[in-house]
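First chain A sits with chain B, and in the next complex the same chain sits with chain C.
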Partner chain A sequence: MSDLQTQTLVPQLDTIFPDWVRPDDRAGYQGYIVETEHLLAVAKALRDTYGYDLLSSVTGVDYLPEGKLEVVYHVFRTTGGPIFVYKVQVPRDNPVVPSLVPLYPGAELQEREAYDLLGIRFEGHPDLRRILTWEGFAGHPLRKDWHEPYFEEEAKPYKSRWPEGQVRRAEDLNPFADNVDYPAGFDPESLVPDADDTLYKTLFRVQQAQHPEIKTDAIVVNLGPQHPSTHGVFRMVALLEGEKILDLKPVMGYLHRNHEKIAERNTFLQNMPFTDRLDYIASMSNNFAYALAVEKLMGVQPPERAEYIRVIMAELTRIVSHFIAVGFLLNDLGAFFTPSLYGIKERELIVDIFEMVSGSRMMCNYFRFGGLARDMSPEAVQKTKELVNDRLPRKIDEFDRYLTENEIVRQRCEGVGVLTPEDAIALSATGPVLRASGVPYDVRRAEPYSIYDRFDFDVAYGLHGDIYDRYLVRMEEMRQSVRILKQALRDLPEGPIMTGKPAYQVRVPAGESYGRVEGPKGELGFYLVSNGKPNPWRYHVRAPTFINLTSLAPMSRGGKVADVVAILGSIDIVLGEVDR
Partner chain B sequence: MSEQERRTEPYEIPEEMKSQVAVTTLDKIYNWGRSNSVWPMMFGLACCAIEMIATAASRYDFSRFGMEVMRPSPRQADVMIVSGTVTKKMIPTIVRLYNQMPEPKYVIAMGACACGGGPFKEGYTVVSGVDRFIPVDVYIVGCPPTPQSLLNGLITLQKKMEQESIATSRWYSKAPSQPIPIPVLGPDLMDPRKFDLIRQQSAAKKAAQTADGEVENE
Partner chain C sequence: MNGKGILSGLLITLRHFVDTYLEDLKVGRKRYGTAEGIEMRRSSDTRGIFTIQYPEEKLPVPEEFRFVPFLVYDVKEDGEKAVRCTSCGICAKVCPPQCIWIERSVDAATGKPIPTPAEFFIDVDVCMNCGMCAEFCPFDAIRMDHDYEMASYDRHKHHILNKERLLKPASYYAEIRPTSYRREEAEKAAKEAAKAAARPPAGTAA
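On to the complex of A and B.
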């Protein structure tokens, strides 16, 4: 095969590595199952020979009945094309998997998450600690035999919350009358809390590696979790030498609200409102990705009108998210609240449209499997048209005029927090962070979903990979979104908005699926495993901002404390999605 | 001042001074000043924080009620708006921040999660309402509450402040108010006030397990 062919065709792994790999032939599954000991070799070949250079998602699935834990890897080529999936299976009682961090540094946080929630140990991981819960937490919550303190039944709908007509509170079932549970025979006074010792130890290891021969004093500074710059309850622990950052560790989990565990108890449709609360600035995008993943499993296609409305909503969401992102980036640079006010003013007008179509400003819960919850009224269409054709382009230009050439913005942002294209790909960055580094990868173009192949738009990208380029990419993306919106509103057809009858309980065949969209902050993916029951067996969110945070430390090293705040602003995190 | 109050006014004010002098009680003027310059702490937890920011922005603009001065430091804040899901990992920080706020201090639980756990109540790291640890003055329902309902909550807080009296307020009493013990993160969240209960229940659990084990062995 020629080089070009190996770089573009989907490789038949089972013919290339017949002894190491077998196709995943379970009904409804795709991809390949790799022998655990050969994982690194296969992953390396896929990356170097076959061009799968970006490791998108790493997650685990607990197959309790088979006594197996499975680690699922999704990789794609940054030159475009569909996603490629391979897995390893390990026994539940001794789940050890070689870490992919040496090949793909972007796996770092995701492997920590799989370790934390499923107890899979990744050998060779540089810093395998708990990430969403805390050191000392009892158990691995996403294992199927682990029960939360308010456990009632394995799956919803529960038999009765109203025994004999009386409402029963969750507290009544718990001996502590609270959402807590402790191991048998536990004595609270004998416990020595971890108090971040493990965290600080890993930081000081870095320091000793830097200066083994002389004793230097570095200072640990905690930024957060309550801190005006950090876009919510996010914490950074920085190791400083003077004002220079030697190393930095992101600490998260302060908003870990167990999205995935709750989702695995919920029915498929009950999860839709929960997806709103992931990236709560861009709820419609989350709906979109989840609906796509379930529709793939069900094999339904929404009608034309629904597809157009979906695109309209997703692009409006992108504009809201970028307005907020740019506004708050300026907040972090010291222009307190005024630029955000301009952004929030436009957000209010777009949120009005969301309220008109869905009944809610933020938590829209608008998409359904095979369509939408409600139709878009002619008034809403008219209002959107006015906004898109007249006001938004003017306002984006206004932002541009005030900020782009501003001297302070340029001096604070240019050449700061640089991420090279190679690093961005290795660190699994997606969305504006990846594109600002000069990799024009956009899921809407690379693997068009819904009806994005019909629209004429450009993929915005930067060349320098610094904060300023990330800002410019977001500005340009807003313009492109307006362009898509104009076309979608022009072509919006009449017709039904739902395929089939709306149903509370959808029938989802057994299998797995991965639905992904280009969310405002990056590739948002939902990995679902269904076993034919009304509830998903596994529900995993590939959260773009969580994975983009892997690149925070490499970008910040060598910079100043004030730059870190701006770099974080330029990644544009939303804690609902980071911690889930 | 209503017509009724004017007629029952106990003080004689000369006609020429009527437009320049107002007579009121100390409580009234004290509360009037306090309730119209409430400084919230700049502290967002989750989704509700976005609506809180929207309330601070131009369309809803809570500076109309004297609340625009968001303070990042608890030392300078009067009211803590708990805007979002309270998790077990975050509650030690929230209690610490609350302890650091000077009296008089108020707490608003904004949204379903802060009031009682909300949609995420059954989650294993979610605290079932911030009022399990710190006293709450105003509860605002909604997921998230609209800016209008946040404004309503803030005005309700103002009304509450206006009813307080210097004579009975806890921050002028002789005994200083005690800080709330900070919860500890162990195998699960532990409230220091409930250590006895925890020990008791875990011992009972162990006893039940050994009893079960013996039954199985037989």
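On to the complex of A and C.
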């Protein structure tokens, strides 16, 4: 590794490429704006010369008043350090950007999403189709001039609610009357779905004649969308030869509700309960990432006690999420529900604490900008201490003894779904999937947020990149979370839990920010653009499980059908977050 | 030895199984159907059967538990209802799914608004139970209920609550959220006292 790659110095792109790159000097913005035609060259230099090897997030922003669409890239070094951001700008009427998939295969699903929701065409993308919406969807919903069928106003709060609020039922707005648009030439009445044929054609067909004397043909098998092994409405299209997977495509969007469009209608504060619904197993860490992103824009710092409670909640959430992940991985392997119910039992005791502090077991809505919604009562602290100091370590050990040495688990998981460290980085995998592949990257260490620099903990990582290592990494992370929790509970100070007065209408200065946390399932990031109004101009979620799904096909190729089920379980997806 | 891992794992399930009986024998009949038994089963050293047999048994909800909102009214000395809400509209503005509709009262003679709601609607099927209306209400007039059993066959008849159905007395509020209620009453009393102290006593002209 060269000096340029490991030094913590951030490259001055505008002095390295003076003709191609200019700094983004809009007030409140960071990073650089790259000329569209030189994007690939700059991205390649950043990756190969300056060591920005993981493309974290690709998204677009519609700057309607300027007539521009902007594609925003966030990259980081897996050796640690802050995130680096660069952008390209293209005209709204002809948004064509070179695809980064040849450099970073992890951009594949994210570029499809930007194409689907914003209509940005990525030249050189191997499979540029809609991903979250269907082929009968008119327009690109995240464009600022696109209106939904229930459109009422550009931004909440709606004027019809007060002071002359007359209740109106949502059903009265018939969604299938004249308020739905279809693309030109599309007739829903005479629809013959051909999307599946297009999809099947994209599968990589190689005729591998294993037995040339027998005529064989590869067949397409659909797993899902309604399938007990897919953790929700998720579909995998597999091309099989015998039992062997030749290629696989994930199909998603069945739970798509355009979270980001809803969020851009909402005020900043109103988005907080909506973030709970992303990864609903780990709502506290969604709250955390969103609060960090907004606090960066506002420039507020939560008080000490709030920081400690935030860490306590985030780590409890990690334990909950990993218990569920490991339990349901065992479900996928065929150990039906005994392991997962042992996990759910511990989760139940933890969500009791969430209910005590926040008022809700899953949809916590607990974080506020500059603090928390309410204090953690002494009873809740006591209950957490009992769990953390006694029960949880005992139960994690029991889980370990119960499963880790089980021969069936080992046979099904060892050496299956292997992802090499190089592939994991190239495919933008984060969280336990990346760490199990031997890349000890953890945002809590790489770019400590909140007060994580105060705690003593180890980053769990694996060496083989298979399902078994992902399982082991999760088990070890639970133990490390318990370690952090013990320290946080020991040091939990008294004091206020909110900086400033709680306000229902927060003032967020114009600018952009990217807040990220190490969520239980990977790097969870929120990219926000504010134009000084009460509502965010752009709100983008870097959903870890959505992006980790990019590596599903490469992990599955060459494996058996039964292994795909386990591989999907080891990625640990939550459809609320994948489909948004 | 091959199979040792499976066997030692099965021993753990066996222990869980045996524990259910040992625990039942140890605690006896009061383990089920009593508040004490429920508390025992959800404590941090719970063993044996963990589930609560809803609806025969119900998990007690913590004070902070939030379900749908309700409007608080005080009972005046003459028995009349004094609705705390002033129809300021903050709850309707902060509501994330915009499920609150408020009609402000208007004085028929002067056309000026009166600080009390003429109508108040909450579509509880749209409500996402986030509790922000209660959190930001400056008059302690809207609070989150604990009653979560409201399934019905007709959403239009039963799930769009109007002012009449939303109103509940302050005594009910004090019952479900005693700590919050006491804190708010103390704050109010302190504010009143401060106001009274700031006001110059009658009859002492400056």
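Throughout what follows, the second predicted complex is superposed on the first by the 529 of 580 C-alpha atoms of A that agree within 3 Å, B and C clash if a C-alpha of one lies under 4 Å from a C-alpha of the other, contacts with A are read in each partner's own complex, and residues count from 1 in each chain.
Assume contacts are C-beta pairs under 8 Å (C-beta built on N, C-alpha and C of every residue); 3 or more make two chains touch, one makes a residue touch a chain.
Everything numeric here is computed off the predicted structure, so don't read it as measured data.
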A:K345 contacts which: chain B (first), chain C (second), both, neither? both
After lining up the shared chain so the two structures overlap, which partner does A:F274 touch, if you call chain B first and chain C second: first, second, both or neither? both
Using the superposition on chain A described above, determine whether A:S437 touches chain B (first), chain C (second), both, or neither. neither
A:Q110 in the overlay: touching chain B, chain C, both, or neither? Say first, second, both or neither. neither
Contact-wise, after the overlay, does A:T78 reach chain B, chain C, both or neither (first, second, both, neither)? neither
Does chain B (first) or chain C (second) touch A:R257, or do both, or does neither? first
One more residue to check, A:M363. First (chain B), second (chain C), both or neither? both
What is the contact status of A:N331 with respect to chain B (first) and chain C (second): first, second, both, or neither? neither
According to the stated criteria, A:L403 is in contact with first (chain B), second (chain C), both, or neither; which is it? second
Shared chain A contacts, counted only where both chain B and chain C touch the same residue: 170, 273-274, 345, 348, 363
Sort out for me which residues of chain A touch chain C in the complex. 156-158, 160-170, 266-267, 269-274, 338, 342, 345, 348-349, 352, 355-360, 363, 365, 373-374, 383, 386-387, 390-391, 398, 401-410, 502, 504-505
Applying the document's contact rule, which stretches of chain B touch chain A when the two form their complex? 42-47, 49-51, 53-54, 56-59, 72, 84-85, 87, 89-90, 93, 97, 113, 117, 119-128, 132, 143-144, 146, 184-190, 194-195, 197-199, 201-206, 208-209
Chain A-facing residues of chain C, complex: 2-6, 8-9, 12-13, 16, 42, 44-46, 50, 61-62, 64-66, 87, 89-90, 92-96, 98, 100-104, 113, 119, 121, 123, 126, 128-132, 135-136, 144, 156, 160, 162
Chain A residues within the chain B interface of the complex: 132-134, 136-138, 141, 148-150, 170-171, 175-176, 178-189, 191, 193-194, 225-228, 232-233, 253-259, 261-262, 265, 273-274, 277, 280-281, 337, 340-341, 344-345, 347-348, 361-363, 575-576
